[in-house]
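Letters A, B, C, D, E, F, G and H name the chains as they come in the text, with residue numbers starting at 1 for each one.
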Amino acid sequence: MAIKDYLRQRFFPHMWCPGCGHGTVLNSLLRAVEELGIEKNDIVMTSGIGCSARISGYVDFHSLHSLHGRALAFATGVKLSQPKLKLLVPMGDGDALAIGGNHFIHAARRNIDITAIVMNNKIYGMTGGQYSPLSGVGKKATTAPYLTIDNDFDVVELAKAAGATFVARTTTFHATEATDFLKKAIMHKGFSVVEILSQCPTHYGRKNKEGDAPQMVANYDKITARLGSKKLEENPALIGRGIFVDRQAPEYCEEYDKIIEYAMKGRK
Amino acid sequence: MRTRIVFSGSGGQGVITAAILLAEAAVMYEGLNATQSQSYGAAARGGATRSDIIISDFEIDFPLVSQPNILVCLTQHAYNTYGAIVRPGGTVITDTRFVDIGKKVDARQIELPIYENVMEQIGKPIVFNVAVLGALLGIEPVLQKESVFKVIADRVPEDFIEMNQKAFEIGYKLGSEKMAEIMGR
Amino acid sequence: MAKKKLKELVINRDWCKGCGICVAFCPKKVLELDKEDKSVAVRPQDCICCKLCEIRCPDLAIEVVIEPDKEK
Amino acid sequence: MEKSIKFIQGNEACVEGALYAGVEFFAGYPITPSTEIAECLSQRLPERGGKFIQMEDEIASMCAIIGASLTGKKVMTATSGPGFSLKQEAIGYACMAEIPCVIANVQRGGPSTGNPTHVSQGDLNQARWGTHGDHNIIALTASNHQDIFSITVDAFNLAETYRTPVILLFDEAIGHLREKLVLPDEGELPIVGRLRTSVGKGVDYRPYLPREDGRLPMSDFGAEHRYNVTGLFHDMWGFPSNNPQVVSDLLRHLMDKIDNNVHSITRYKEHYMDGAEYVLISYGSSARSAIHMAKNRRMKGEKIGVLELQSLWPFPQHLIREKCSKAKAVIVVEMNSGQLMYHVKAAVDDPGKVFLSNRIDGKLITPADIKGLLRIIQGRGV
Amino acid sequence: MEKSIKFIQGNEACVEGALYAGVEFFAGYPITPSTEIAECLSQRLPERGGKFIQMEDEIASMCAIIGASLTGKKVMTATSGPGFSLKQEAIGYACMAEIPCVIANVQRGGPSTGNPTHVSQGDLNQARWGTHGDHNIIALTASNHQDIFSITVDAFNLAETYRTPVILLFDEAIGHLREKLVLPDEGELPIVGRLRTSVGKGVDYRPYLPREDGRLPMSDFGAEHRYNVTGLFHDMWGFPSNNPQVVSDLLRHLMDKIDNNVHSITRYKEHYMDGAEYVLISYGSSARSAIHMAKNRRMKGEKIGVLELQSLWPFPQHLIREKCSKAKAVIVVEMNSGQLMYHVKAAVDDPGKVFLSNRIDGKLITPADIKGLLRIIQGRGV
Amino acid sequence: MAIKDYLRQRFFPHMWCPGCGHGTVLNSLLRAVEELGIEKNDIVMTSGIGCSARISGYVDFHSLHSLHGRALAFATGVKLSQPKLKLLVPMGDGDALAIGGNHFIHAARRNIDITAIVMNNKIYGMTGGQYSPLSGVGKKATTAPYLTIDNDFDVVELAKAAGATFVARTTTFHATEATDFLKKAIMHKGFSVVEILSQCPTHYGRKNKEGDAPQMVANYDKITARLGSKKLEENPALIGRGIFVDRQAPEYCEEYDKIIEYAMKGRK
Amino acid sequence: MRTRIVFSGSGGQGVITAAILLAEAAVMYEGLNATQSQSYGAAARGGATRSDIIISDFEIDFPLVSQPNILVCLTQHAYNTYGAIVRPGGTVITDTRFVDIGKKVDARQIELPIYENVMEQIGKPIVFNVAVLGALLGIEPVLQKESVFKVIADRVPEDFIEMNQKAFEIGYKLGSEKMAEIMGR
Amino acid sequence: MAKKKLKELVINRDWCKGCGICVAFCPKKVLELDKEDKSVAVRPQDCICCKLCEIRCPDLAIEVVIEPDKEK
């Protein structure tokens, strides 16, 4: 199937700004789904609220555009009640880790078979450029006229500590890599997290003088390095890209099925 | 006196800023009342933008404009959408680069090559909106142009004031010349 | 692996928003923005079918169509 | 054969009703005095292949049941005041996206943490107005275990019929009271199942376009039809729209589908209402005290009756007006500062004849409390 | 000298009012259409030594301002529908623990995510009943920037006077509208400061024992008196109690401190009300349309006036009854399904003369909309 | 000052069950405060809701018994608006990490100078014995009649990943150690976390057949080992006790003061 | 027939379980109606516990007991708090180990060494509550003792049924002998 | 360090809930629960003033008072 067949083409051109990285994430994700050859009817995409969250309206899957920060909680309900479905949950950085931080760590803890995609533009895009828990120190934002003093989360570390069994990071520059990681994440049994650095030229870029979209994308190549690469070894201050965690552990829905099996036996 | 103006265009054109500058100038430097409001699309980005301004000696209660005296359209989409709402006998201002006037409306339709002139003489699209404002005041002297200059001085970073003033003058010249032309006939 | 040959660079002008990403990262400088800020293939003959433009386009506006013969 | 009589808590009667109605999924977070509902379902659901999950908080619980409902399951959650407040945003989502689900709120003393182990009926108005924006809701209650059972079944039925969240507004006294429940046989009470679309593969399914009869057939996530669900105003396919016509049509639909059916949704019981000169209006555990007192006074020859409301929202304005039209006085018996009373006053012909017999100290209102007020109304002093 | 005239958004006028009133601490989470309040304060507060913090969500924001208020600071937060729903639990806490604080809700279309960039007045009842349990609240609004400024000052004053959360119920249209604000000079508007206890060191300070005048002096965290703050029912020292007398006394106090002062709290404006036969009741941005239309009709000799409410809760029942007593018809003008209208009907002598002129499609109601309804009422057709 | 002088003695005997570990935590904490000689008026104790949360009623500090899960959010408001105060925030495991998980990681991220004490009894005590995110797999609880399938968080790892600059763990058996860690945590500038395993004999103990309170306490000695000890080296399955993180980093309120300084200069 | 009973004591004594067993027996095995409710203190733990039971042929509306026919007090605190609410002519049952009867009330006051006997003959305080139930039925035959046995069989793990029955009999004997003694006089 | 000498083991019977923690962990078996389930010092002479009882008591019901002379 062509990648366009996974789109709800009637809503194109989409609402994202010119050069918004979220479109590239959509692009990479659809390639992953296409290459895996998953049936559209087997996928539920759940999103929250934000520019990023609008992604669920553009894909021809079952789509649940939910509440800001709560996508993983909705997804947990969908998945547990119908484990045969594949759950894709793209989220903005604010969505996933500001208001949604608790659902993020709890979904990870349970190791429920959901793929969380953090579309990290380090800013609240939808509401016009306020700082997020991933902005980091010293950034300009509409609510940080004097520059931010808030430390940022390391999404990878947090996901790992919370119990995620697959954790990867890449960027919109590394679109092929993104597709690759997304494929692995989707096929992984358990809670998987893929963080994708995704430029917001309109707010983050403009305010922080990071140039236009192509410049921001190019920058992702400069500031990151593949895990295990010489580049990273030589400059550990760079942001690591790659698969940080990939381990097998009991998956929540499967464990629950065992409870049912036991309880139903108890009954008869 | 009560002037009702609608600015329309697309997100990146600075339509709203122009509207604010105008209304602010009325309030801050001419002792008038003014309201400025804008409508947002579903998509915060790139969509059609519209801003309504009312300038008046009296209090302004209802702040939206249903039939503007002056309508500015900076995209074809804006013109197609809003062209018909202008008051009969009012004025429609469009930029030749962006708008093809199709069906005529019962109003003075003024097409000006503002964008072209700005790009030629300054080369920065960012001041296009201020040039449009200049054109508007060149056509309809709803305020003194000094008032707008003052607001620009208040709002714009020092280094850019001159460029903005220049842009304003470009527009103003286009507008007033056109009016002279029209009136002359 | 046989070298791929370009059949067509399909650019959806309705979807393209002129962000310039495809232009900036095309290794062969095949693409440019026209004056309406839409991407166009100005040097299609140089295209090596790497698809970097296609996979990075945030608007899913480019498709690199490869000659079918060569693909098999 | 299972015994058909049980001696259980009100919360357990609710669970029995939910199971009878076919609940398949529960997500919750413990909170007194509702916790037994969760505890009991954690045991009972897996026995029949259903799922129970304890989420990280009440917000997540409410979201999870909405997600589960979209896969075609009958779902519920249970909570009390603080948790009910937290669920409000997602309850509004369920209203907007028209997701069938049941939310039990076993009320305790509020506001805030309040009086967690004591009875109150203080969430009456919150059940109606707790989430932001215009919307509509169904809220039911009951005063004894048999009725808790059947009203819970009703809650699931109404949720499916109207594609809407339904609130079960119980209270601590009834939730924790133990008494008899006679389990109805299968088939004894009607059960409304999920109405699934008959639209076939490849045909345009419009999840938000009401049928002739006003109902909106659903399609399970995972089934043939892929559509969109959103909390934004949306068109008939579920896609966001802020077109003014779409917005007002949808909002009006959300209001009307419930208000226009107030008659079918209204549930109430009459006790000794024949020619009653004094009408006590009550609900939930306070209705027991009202009934007790009316029974006693009737035996002494006084014409006192009780109108027991089992549906609180949509507010049965006409019912109340009618039942009170001949009353000398109307006494609203409730355990809050007069929340129902305000609406009763607005419903009757003469608000001056409406009185409030209430208790707000965490104690169950007693027949003696009501009798005291009645004496005063009758001019007999205290 | 700073210029005393500004041309700004309504949200910024609210910020100016808050700064004038002495706000020292803001915690919030961005949400359209309230975000400018946060953005503006993130700039302005540190300039005068105040603090701004963007919290992880709205719940945390509400909790943070309560914490800050206890150190003696004047505090506020701002949000819109979804965030307002999330804040409800903690708003109830502030009611119960009697913490002065101001919550601005710049309303957008609901329910749920609704119509984020469009106007609505749908949170009216939620402002009163959004949190669980009996409680009471003050909610204010305004229709132009000068009034937004002064009502915001009032909000802080009332919060301090009654030790209570005060809701500012603005709406998108007024929040985003730009118009003139003339900044009052220092001292021009009265400012109520934090009332601190005069009880000295070593003397028993009872934070929850009202003085003769009904007010409850506070003591800052960090100062001499150590006491307890809780969301449970509590005694006069703030320690938990479920003694029935303590419970009912406290609840009654919470209700009465506001209901008994409805007269002092009520804020309203009359426009062309002299001998008005048709009374338009409105508030917020819809009042502008009502005023516009009344002004026009008066010029044409019709006796139409506007009663503009600036305090919505406690509901000014008597005011409305009085102002409408001579009206032929009363038209409630609002942008929701008739939330205020319901209460107006309950307040007037003849509910039959109350009509609703509303709009629920996300568009600002227009003078023409109201005029249309008026024609119908007057029997003049459409 | 005697440790009793820090108590509100009129509320004693307290409401905790016989043998409840929370009393021992109170005991250890008061010793820490006493040994540090901090003025009562300089301390604000903020707690949420739960058996653990009742601790704030028993101490003669400024006390804020807040909402379930929200203690750190309240504390953040108190601290930021009055940085000279010492903030002690004891929390139950559910309070801190179920409903309160987001505030926990965000307070850690900001590195705001607050001392969080997790009174971890691996159960919801107050509501009668439901499982918590710290119960771990295979435990009995009133909502897990078929035993839990939920993985537990590692509080130390999570706090570390989120950005806490002081993280320690101990138990009610190790009361002196607890006092020691609490002293260090309180003196630490930045966000500090002390997890104290604290027995709930009434619910957790009874349901999981862990014996009475003394047995449960004795068990803490068996299942834990000091970081760096031979015991831990030999048996890494044991739970580590000790100070896991102790580092200096910019503190939130201090950073904010710099913003004010800058902004006020800008003004004049 | 309408019997109103209040059980009172402290948290660990199994007061509520005893109350439930009694009411459940009435409903499940004697075709009667019964309600059982309990009050909770601020402290969930250790505090005073009270459970109200009504057993009746008819429907029971108001489920609380203001003046019990039968009052059981198993701690001094419970006796002091609730002693006075017993109906004149009703029965107050106390255990000699836990309660010193101070001021007398206008009711039959029956003190029995139930705890002592349970500890002597069984040695497990856990079945004390069932023995109290036995005593109650020995004194006031509100139900058949077989009904209670059946409920015990339903509720108690197999291994413990016998012990519970034995405890019940101990109490029953104490109660009925005491009654015989009283009646005999 | 001089050995500490016990002056008094103050046990607050109103606060003690008889959990037995002090009893279980006293290294010298100084403490026992009496029949009212309150902790009592049955062998005070053996006490080594380690205060383990005091610091672990969840009810803050024990205080180990040491002879002041020895402390200096």
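Going forward, a residue touches a chain if its C-beta (ideal position, glycine included) is under 8 Å from a C-beta of that chain, and two chains touch if they have at least 3 such contacts.
Small disclaimer: the values here were computed from a predicted structure and weren't measured.
Engineer: So which chains count as neighbours of both chain D and chain H?
Structural biologist: Both chain D and chain H are touched by F, going by the contact rule given at the top.
Engineer: What are the chains that chain A and chain C both touch?
Structural biologist: Joint contacts: the list comes back empty.
Engineer: Counting C-beta pairs in contact, does F-H beat D-G or the other way around?
Structural biologist: Counting C-beta pairs in contact for F-H and D-G gives the edge to F-H.
Engineer: For chain A versus chain D, what separation do you get between their C-alpha means, in angstrom?
Structural biologist: Inter-chain centre distance comes to 38 Å.
Engineer: With chain centres defined as C-alpha means, what is the inter-centre distance between chain A and chain H in Å?
Structural biologist: One centre to the other, that is 57 Å.
Engineer: How many angstrom lie between the CA centroids of chain B and chain C, rounded to a whole number?
Structural biologist: Distance between chain centres: 39 Å.
Engineer: Between chain B and chain F, what is the gap in Å from one C-alpha centre to the other?
Structural biologist: 61
Engineer: Check each residue of chain C and list the ones that touch at least two other chains.
Structural biologist: Residues 17 of chain C touch two or more partner chains.
Engineer: Touching two or more other chains, which residues of chain A qualify?
Structural biologist: 16-18, 20, 67, 98-99, 101-102, 106, 126, 128, 133, 146, 150, 256, 259, 262-263
Engineer: Find every residue in chain G that makes contact with two or more other chains and list them.
Structural biologist: Answer for chain G, listing residues that touch two or more other chains: 41-42, 44, 46.
Engineer: Can you list the chain E residues touching chain D in their complex?
Structural biologist: Going through chain E, the ones touching chain D are 59, 81-82, 84-86, 88-89, 92-93, 95-97, 107, 109-118, 120, 122-123, 125-126, 128-135, 230-233, 242, 244-245, 247-248, 251-252, 254-255, 336-337, 339, 342, 345-346, 351, 359-363.
Engineer: Spell out the part of chain F that touches chain E in their complex, as residue ranges.
Structural biologist: Touch list, chain F to chain E: 11, 40-42, 44, 46, 56-57, 60-67, 70, 73-82, 84-85, 102-103, 106, 256, 259-260, 262-264, 266-267.
Engineer: List the residues on chain B that touch chain E in their complex, please.
Structural biologist: Residue positions touching the partner: 20, 23-24, 27-28, 33-38, 40-42, 44, 60-64, 66.
Engineer: Where on chain E is chain A touching in the complex?
Structural biologist: 29-32, 35, 38-39, 42-43, 46, 52, 54, 56-58, 82, 112-113
Engineer: Where on chain D does chain A make contact in their complex?
Structural biologist: Those in contact with chain A are residues 24-25, 27, 43, 46-49, 51, 53, 55-57, 59-61, 63-73, 75, 89-90, 93, 220-224, 226-232, 239-240.
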